[in-house]
Amino acid sequence: MMLANYCVSIFLIVLGLYAVANKHNMIKIVLGMGIVDYGVNLLIVSIGFGPGGTAPLFVISELMKGAYFVDPVPQALTLTSIVIGACVDAMALSLVIKIYRKYHTIDSTEVRRLNG
Amino acid sequence: MEILIALVRILIYPGLLFVAVGGLLLAGIDRILVAKMQRRVGPPLVQPFYDFFKLMGKETIIPHHANRTAYLAAPVIAVVSLAVTMLFIPLGGFSAVSGTADLIVVLYLLTIPAVCVIVGGSASGSPYAGVGISREMVAMMSYELPLVMVLLAVAKKVGSLSLQAIVAYQFQNGCMLFHWSMIPAAIALLLVIPGEAGVQPFDLAEAETEICEGTLAEYSGAPLGMFELNHAMKIFVLTALFTALFLGGIDTGIVPLNVVITFVICGVLVWLCCSLPHAICARLRIERLFKFYWTIVAGLAALSLVLAWFGL
Amino acid sequence: MSFSFPYLKYALGNLTKKTSCDMYPLKKKEVAPGYRGAIAYDPNKCVNCGMCMKVCSPGAITRTEVEKDGGKEITYRFDWTSCTFCGMCHDFCDEKAITMTDHYEMVGNAEDLVTVATYFKKTPAGKLTVSDDCVFCGLCAKNCPESAITVDRANKSWTVDEEKCVKCGKCISKCPKKALAFAKPQVKCGDDCVFCGLCAKNCPEEAITVDRPNKSWSVDPEKCVLCGKCVSKCPKKTLCI
Amino acid sequence: MFNKLIENSTAKSPWLYHMNTGSCNGCDIEIVAALTPHFDAERFGCKLAGTPRHADIILITGPVTEQSKDRLIRTLEQVPEPYVVMAVGSCPNSCNVFKDSYSVAGPLEKYCHVDVSVSGCACKPEAIMLGVVKATEILKEKRRAMKK
Amino acid sequence: MFNGLYIHFPVLAVMVLFLGAFLVVIFGTHAKNLRRVIAITAATISFALIYALIKPVMLDGEVISYWMGNWEPISGYALGIGYEIDGLNLFFALLVEATILLSGLYSLRYMERDDYLDRYYTLYLMLSGAVLGLVLTGDLFNMFVMIEIMTFAAVALTAFRNWTAGALEASFKYLVVGSAGSSFVLAGTILIYAQCHTLNMAQISSMLCGSQGLTPTTLLAFGLLFTGYGVKSYIVPFHPTAADAYTAAPTSVSMLFSGMVNKAGVYAMIRMAYVIFQAMGIPAVQTLLVLIGTVTMFVGVTMALAQHDFKRLLAFHSISQIGYVITAIGLGTALGLTSGLFHAMNHTLFKGLLFLCAGAVLYSTGTTSLDKLGGLSKKMPKTTILFLIGAFSISGLPPFNGFASKWMIYQSTYAKAMETNNIGFAFVTIVALVVSVMTLASFIKVTQSVFFGQVTPAAANAKEVPFAMRLPMWIMAIACVLGGVFYDKVLVWLLNPAASAALNVTNYIDKMMGDGYAATAGVQNIEAHGATLSFWNPVMWLILFVVVFFAVGLVVVFGKGTRGKVLEESEGQEIEAKYDSFFGGEKALPSHLGGSDLFWGFKHNWKGYFHFMQRMHSGVVNDYALWAVVGGAFVILYTFVFLR
């Protein structure tokens, strides 16, 4: 059924994690986090899909026995997840700006005063 | 009424007085045996009593850098906690207090005197005490591992962590020492006792030659007397623990006779594990001590733990 | 992990052996012969030559002299707490007045760790001489036990007979005018002196000078303390006081 | 009663603290020899203590040199009360052969009250032990005096 | 009480906190005192609401089920978001509330020197509201949302003092690894939703633990959720960010972190393992949890031994104590779970106390570096006593509460070892005991370098902290002591209800979804033999205290006579020779021995290990993210291989 969606979302998650784990440029790290988030959002949306279902918008009078709707709950969850993803990226970027102003670099290998 | 009995137990029989007198006697025996082994005459048997009362008479100088309350309270707490430890150890098959898993309670109660020595030394604020503390702590870390392994091996053999059950087990099927799988554990505990009591080859914390009496550098008078008492009581408590764990099976029916036999066994053990190393070996360096405990003694203890595990 | 038990065999063996301690305060311990312990000083032998004082490196020996009539009271003080017991004083004392005992328990407070001895040494009297304020009363002649003094009141003459006079000093004490005194004795050299120079070498005060080429022998009165060392050392026995 | 016990035990367990104020180590090894099996000072309960805080008898060897003078005074002040000073060997008593040397600051008498002095240039261990026995009596008196 | 009104208390408690945050934003920007009043009243109201629930839930054993907006489940199918409060929830809620209130009290005086305090109090209330919501909720996605809010507030609070070294860096690392963790949690939740088409935990657990067992999607969901909650509770592969965050955050916040935030992670782990998946019956999960717990214990303590900074040392200790809790929970026996919860509670108490002491030291001396500080006991005596109580209770010395919980942990691990005759658990007990000694060692290191010893220049002009800061410390210290002495009461009132609630899953489902629901779904409880505990009577402890006070009194009285006197504060003049410390006859030079030169012998022998650990905590964000991803991959691989 939605095999393509699942493969793409898994690919996106793995790509995002690769970016977070290997890229030294902090902005790329933040982008990586975004990509992971998008992968998970895609996963959420594709779960709610039912073949042949219509959009879950209806008026009580039209509600017939045979109507088959796509599951509305994951779509609601995706909304919150997108919002959260956006906030995370916003905060991360503001932190990167602050780090640049203080450390004068955004290379993650140099920003390592707290170690050991 | 129950509180009165408990008070008597703490203060008189297995508690403070008994352990203090027994400990000082054992310390006297220890000093005589070491002297005899060096073909010296050695002090009279009651020399530790003389030392203790002399120190009680001397003036206590509290140094400027010291923290007065910790400086004065540390020795007292050490002595009292040793007295309470004695309550848990079944002397002659009967222990004043017994509950489940009191092996672990005894293990932790034995760390309190060491911590009190450390806090006392650190509170006295002298640089020698600082070095003494770091040595005492590393020594504690080193002998804790084999001690734990020995206790767990015995507990595994008996099937429960309570000392009372261990003694009961030994009443049925003979002393633990005669089970061959437990002999490495017994040797390991014999090697741990001088380390924990701070006897010559392992007394790095109070090395009078290198760091001027280490943690006790700033102590004088009554607190120092308390620490000497603490040192003596610790030898008695540890050897009593050994007899309870490995020679608990000896029972002659009459409890006082049992206690006397236990004391005699403790005397022999003091010779074996405190005076013999003192007369023979020189003081170890701290990392050699650590390596000694974590390789040889821990190996012995682990051997008997594994043997006990395979039901031997 | 080389952890050996070096002395296990000895330790176990020692348990059975007798103690090697010699229980000192209970059993007195006799000391090796010729042990240089505390100093013993025999005042009568001492001739107050002062060699021991010179030779003692820590200066442990002190001498105090008190002038008494007819002699000096000499006290020698050997301070154990300052002595190194090297035995030099013993070696240099010709009369063997100082001996090293084998007493080693020199314990106590500092005052009594000392050997003190005093003796009275008559000044060896020289010839009896008379000063000019003699009134020839004849008292000295009367008191002289050996009647060595003859006084002739008439022609004011006073003579003493050298051989008879024992230099007891009674006449001096009796003379109302204090005119009599022993002359300071002199070391005199006889005629068969061979100028070997031994007396000069042994004199602690270097009072004697001997000049071998032109055969001269002289003594310096101030330096000489009349110790008599030169007399005993002279091979020809020609010296006398 | 308790004081009587303390007095007796003060005499019975003298802890020694050995202080070398410039000695030639002759007397030092004699002191340590006193603790060896042959002489065994431990019979009287003696023990060599590491700090002046633990000491009852202070064994001082060596003529008090200029450098060790103020260290000597400072250490003696740090000893808790009933304590006895014992001058071991001739040097502390009278600076022996180093009497008028430029670097010797005079006999021990000048700096503290010497209770017991043992003489001998390198005194015998027996003499030291006898000194310690005498010192223990003095300790007892001091302890009794302290209590009054 | 209020005959049934109490079912509204949980939601009210959460709402009050969020409302407080909102009000602080509006009114608090300029009015300094109003801001404080709002924060503290919000905290106290929610504290009162939650503590009022103890009677019904804990003592009477009732389970509150509360459906938001009255969306009752229709024909056995949950639609709305439900709050379900049973023993386990409330136990953690009590911990959370206590930490919130005490941290609030502490921050009143502690933070007064900072500016932008209105932002601080908003974030503080947001963080506490989020954690409380996470602990009380009965809905899986609601838990995810609360986790997100918690991470946000935590990151912002870590970066609050952005002028200190490493605050920004720590918050960035915290955010990166935290968001990776949250993505794992979200993916796990969604996979469960894909399988059960509901988000209510009770119904999920009835579906998952019912007859059909675990399908591949739920297995993957278990792996993902386990990793996600692991990141939140900072167990081994994910712990370095926590160490940085606790060090860089202001102390009243790092007290929140170590008392509350990682406890929320542990709660989520328990809820998932015991209730949703009921996976604790499977030995493979037990070994996984115990393995990770032991490694966390050991790594945490050995890293703490090598630290030069007071707060970083405490941070690594929090990680190692969480290791204890995870090990105890991972055993799966009732005694194990009880001891784990008990240790979690004690950890909140003594770790909070220690962090507040660190804050007090920072407040009065301005530095927390172990090498610079020294001799603070003369300047700050009360803080020293408090610190000693905290240090002794964390290292598990008998009269204190640390001992009671560690004693139970050893008992449970060893009982498990003997029961399953598997030597691995014996090894766990040995490691636990050795780690406890190392904890003691590191706190002795702190005692010697910071509090006792000679006064160093850094600590020269330190003054005692104001009483408002010491009050919360005293409350925690007294709780530590009482928890240790009367621990059997604590066991009966709080712990047994919590543990039995976690084990009794059918009751959890029936109370939420209506009776008999669990039976139809075929859910059975894991048979859990009761906690065979005979407490050794505290009477002995009372007598011990009598004896100790008698003895100390004797020494002090007897000592009064000829004992030495102590110099009053002689600022700068010459110390009288008699009372100067013995220095081989010299005049005692300032020679304070402390900081990193202690325990040379131990570190020398373990050189290889310490160098390796030093390299592993490299401080680079990528390494920490890599660690998190590798940890997650390992867990997922483990679940697929072993949980089939």
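The chains carry the letters A, B, C, D and E, assigned in the order they are written, with residues numbered from 1 in each.
Just so we're on the same page, a contact is a pair of C-beta atoms (placed from the backbone, for glycine too) under 8 Å apart; a residue touches a chain by one contact, two chains touch by 3 or more.
Please read all numbers here as calculations on a predicted model, not as lab measurements.
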item	value
Interchain contact steps from subunit A to subunit D (minimum; 1 if touching)	2
Required steps from subunit A to subunit E (each step between touching chains, minimum)	1
Middle chain, criterion being Cα centroid separation	B
Most distant chain from subunit B, judged by the mean position of its C-alpha atoms	C
Approximate Å spacing (C-alpha centroids) for the pair subunit C, subunit D	37
Centre-of-Cα separation between subunit E and subunit C, whole angstrom	95
Geometric centre distance via CA averages, subunit C-subunit B, whole Å	70
Averaged-CA centre spacing for the pair subunit E and subunit D, given as whole angstrom	58
Per-residue overlap in subunit E, given as positions that touch at least 2 other chains	562, 564, 578, 580, 582, 584
Subunit D residues counted as touching two or more neighbouring chains	37, 40, 43, 51, 53, 78, 80-81
Pairs of chains found to touch, sorted by chain label	A-E, B-C, B-D, B-E, C-D, D-E
Complex interface listing, subunit E residues touching subunit D	562, 564, 577-578, 580, 582, 584-587
Residue ranges of subunit E touching subunit A (in the complex, touch as defined)	141, 145, 148, 152, 155-156, 159, 162, 165-166, 168-172, 175-176, 179-180, 182-183, 186-187, 190, 193-194, 197, 199, 243-244, 247-248, 306, 312, 614, 617-622, 625-626, 629
Subunit E to subunit B touching residues, read off their complex	375, 377-378, 381, 384, 388, 392, 395-398, 403, 406-407, 410-411, 414, 417-418, 421, 423, 426, 429-430, 433-434, 437-438, 440-441, 444-445, 447-448, 451-455, 532-537, 539-540, 542-544, 546-548, 551-552, 555-556, 558-559, 562-567, 570, 575-576, 578-584, 588, 591-594, 597-602, 604-605
Subunit A residues within the subunit E interface of the complex	13, 17, 20-24, 26, 29, 33, 36-37, 40, 43-44, 47, 71, 73-74, 77, 80-81, 84, 87-88, 91-92, 95-96, 98-99, 102-103, 108-109, 111-116
For the subunit B and subunit D complex, residues of the former touching the latter	31, 35, 38-44, 47, 49-54, 56-61, 128, 207-209, 211-213, 216-221, 224
